[in-house]
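Each chain gets a letter, A, B and C, in the order it is written, and its residues are counted from 1.
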Amino acid sequence: MIALITDYGNTHYAGVLKAVIKSIAPSAEVIDIEHGSWSFSAEAGAYVLLSSYGWFPRGTVFVVVVDPGVGSRRRALAVEAGDYFFVGPDNGVLYPAVKEEGLKRAVELSFEKVSALAKPLMKSKRELFLSHTFHGRDLFAPAAALIHEGTSLEMLGDPVQEITTLSLEEGSKVIYVDKFGNVALSLRTLPHADEWRVITEEGIFRVKRGRTFSDVPPGKLVIYVNSAGFVEIAVNQGSAARTLGVKIGDHVALEPMQP
Amino acid sequence: MIALITDYGNTHYAGVLKAVIKSIAPSAEVIDIEHGSWSFSAEAGAYVLLSSYGWFPRGTVFVVVVDPGVGSRRRALAVEAGDYFFVGPDNGVLYPAVKEEGLKRAVELSFEKVSALAKPLMKSKRELFLSHTFHGRDLFAPAAALIHEGTSLEMLGDPVQEITTLSLEEGSKVIYVDKFGNVALSLRTLPHADEWRVITEEGIFRVKRGRTFSDVPPGKLVIYVNSAGFVEIAVNQGSAARTLGVKIGDHVALEPMQP
Amino acid sequence: MIALITDYGNTHYAGVLKAVIKSIAPSAEVIDIEHGSWSFSAEAGAYVLLSSYGWFPRGTVFVVVVDPGVGSRRRALAVEAGDYFFVGPDNGVLYPAVKEEGLKRAVELSFEKVSALAKPLMKSKRELFLSHTFHGRDLFAPAAALIHEGTSLEMLGDPVQEITTLSLEEGSKVIYVDKFGNVALSLRTLPHADEWRVITEEGIFRVKRGRTFSDVPPGKLVIYVNSAGFVEIAVNQGSAARTLGVKIGDHVALEPMQP
């Protein structure tokens, strides 16, 4: 199985990744995880990967294309960690999941090696080439398809000892905003306190601690540890991002209220 | 086959449902019906389900997660009706389709029973637990995967005699707005009249009756019975929702014009 | 394999196409290419098809539903061109891809013929009928499923000698805007010049020529030939469509700057 995370949003670019994968590995099942509306945020991509990869069957190959540096000299990676494989740019987006699983092997993808192996397999009209703007199509998708077919990482590029790091647990900032406006923070524990003061650029907010949205009346703020293990602020049947005036990357200060 | 309707919009939550399903039932085909931008609207979810389920092969399992009450005491259901199966919260979202098919059996899903059956099958790293905010992942997706694998409903929870009702044919209100801005109403028949007066909070509009968009010039309003059998108002190559100033839940009055 | 391009955006309409396809051709794999937020633009649909079809395995059937004339007298087509099949309305949306491949055969789809062949195969509760507003469900999806199952085009309708043409290489206008705000133009070559003057209704812009986004600093405009072979204007980590104030269909004049 091959699973996709990109910041392509609603475009045909993800469809083209699937086309290339199926042209190389016809039996691969391709699952969309998210094609985010957020753009260029390695943190958001890393959060989505970390929140979802562990629910997939062992052996799944994840393609993560959040790649503002496409065409520049950033490295392209394929990584084996735990029982999973990860393919994407070396900008930290893969790091939190790879760290949780434990890095086994990593290689810097070589277009020459990948395309030499992929071209004879391809059942499409077009042939691989390395464009300057679409390495998802030209490099990451073919590499994932080859890994799915059993190609060992060593065949795809030279070994890499370390990959670029990225932390989702530093400071207290917004790392993800979902479609409901729920705001996930770079915090994994919330000390005991029934009420919190939340400080953003927009103002200061009193927020009740709860376990779920409906622990507060509709329209009210609530803070809890979400289903992925991160501290999250929501508004019951409303948007916390709009209420708090925050977006991905913004700083959010939390202070427990005196009882 | 398992088909998904949620109000998750463009997030990874639907991808995680697919991951859990494939971890339990590797041979299941999972089809996205809609991950709506509308949030918390059981009516919209019920309309989407009613409009689409009958086109799927008999035996399909539908997972419908429109669940503002997640984590509260609302019941979680699995239902067999006609030749289809339906899984979702007991807030009425399943009702119109279940009623059309004829209820055969319903159970209140028990996390203990579902997880006891699902855990030995799971090929993922993570194990099921019952979070407070993501029952789609923790309960509905595993139940659907088990039903797909042939588990009888009785193994998943205690029988339920009645499920919460919801009508899509009451009053004259907006039950769905599609991406074009076409406005579906809670009406299934449109009496004969060549022209209608449509009254919303925004104003009073003259609307010609037609059979399709192009029966009126671009930019003009038209009213017809849509392909799902509901009365719908559209603007040819434009947005009726914007023109009429309406959204899901709003009241819309219709009066035939004198000839 | 069957691949879908529509302007249905985020609705259940694409899910219903998949349902109908799977009810007729259970073994078909259905891949979403794009369900565009752009509406009624045959140019955008044609661009998406031309940019993506060649990456799919030979034999793929493409269903392209960008159909502002649904219910009117426009013809419905099934076309064999090169090693691919194309199904959609005869409004030009299929033309650039068909032209690139070379037209082999085309037929005007007949609902009577398609439904007579499809109905005995269908495993769904509902039966085909020809609505006035949803030919994707009623005609295009069943035709694609039948072609996938090996039905010859001649069985689906009468032969057509010519199909409606559409050019993606005429003038200098916007034919596609992606989710990043990158602006693709109806031009396939960009003469040598290091800097360009770009003139839109919004104003006059100096744009550096590059090969990729990161050839200019964040926030700056860059012009290059994109991965699909069209001239494109982007802003590194920003939106060129917003900066230039353009949308699909707008005219954009380009002039090389004096060195």
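In the analysis below, a residue touches a chain if its C-beta (ideal position, glycine included) is under 8 Å from a C-beta of that chain, and two chains touch if they have at least 3 such contacts.
The shown structure was predicted, so the numbers you read here are calculated from the model rather than taken from an experiment.
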| item | value |
| --- | --- |
| Co-neighbours of subunit C and subunit B - touch as defined | A |
| Numbering shared by both copies at the subunit B-subunit A contact, with half separating same from different | different |
| Centroid distance [mean C-alpha coordinates] between subunit B and subunit A, Å | 28 |
| Residue numbers of subunit C (touch at least two other chains) | 9-10, 37 |
| Of subunit B, residues touching subunit C in the complex | 1, 3, 5, 9-10, 29, 31-37, 48, 51-58, 82-84, 101, 178-180, 211-215, 224, 226-227, 236-237 |
| Footprint of subunit C on subunit A - complex, ascending | 8-13, 15-16, 18-20, 22-23, 26, 30, 37, 39-40, 68-72, 123-126, 131-134, 137-138 |
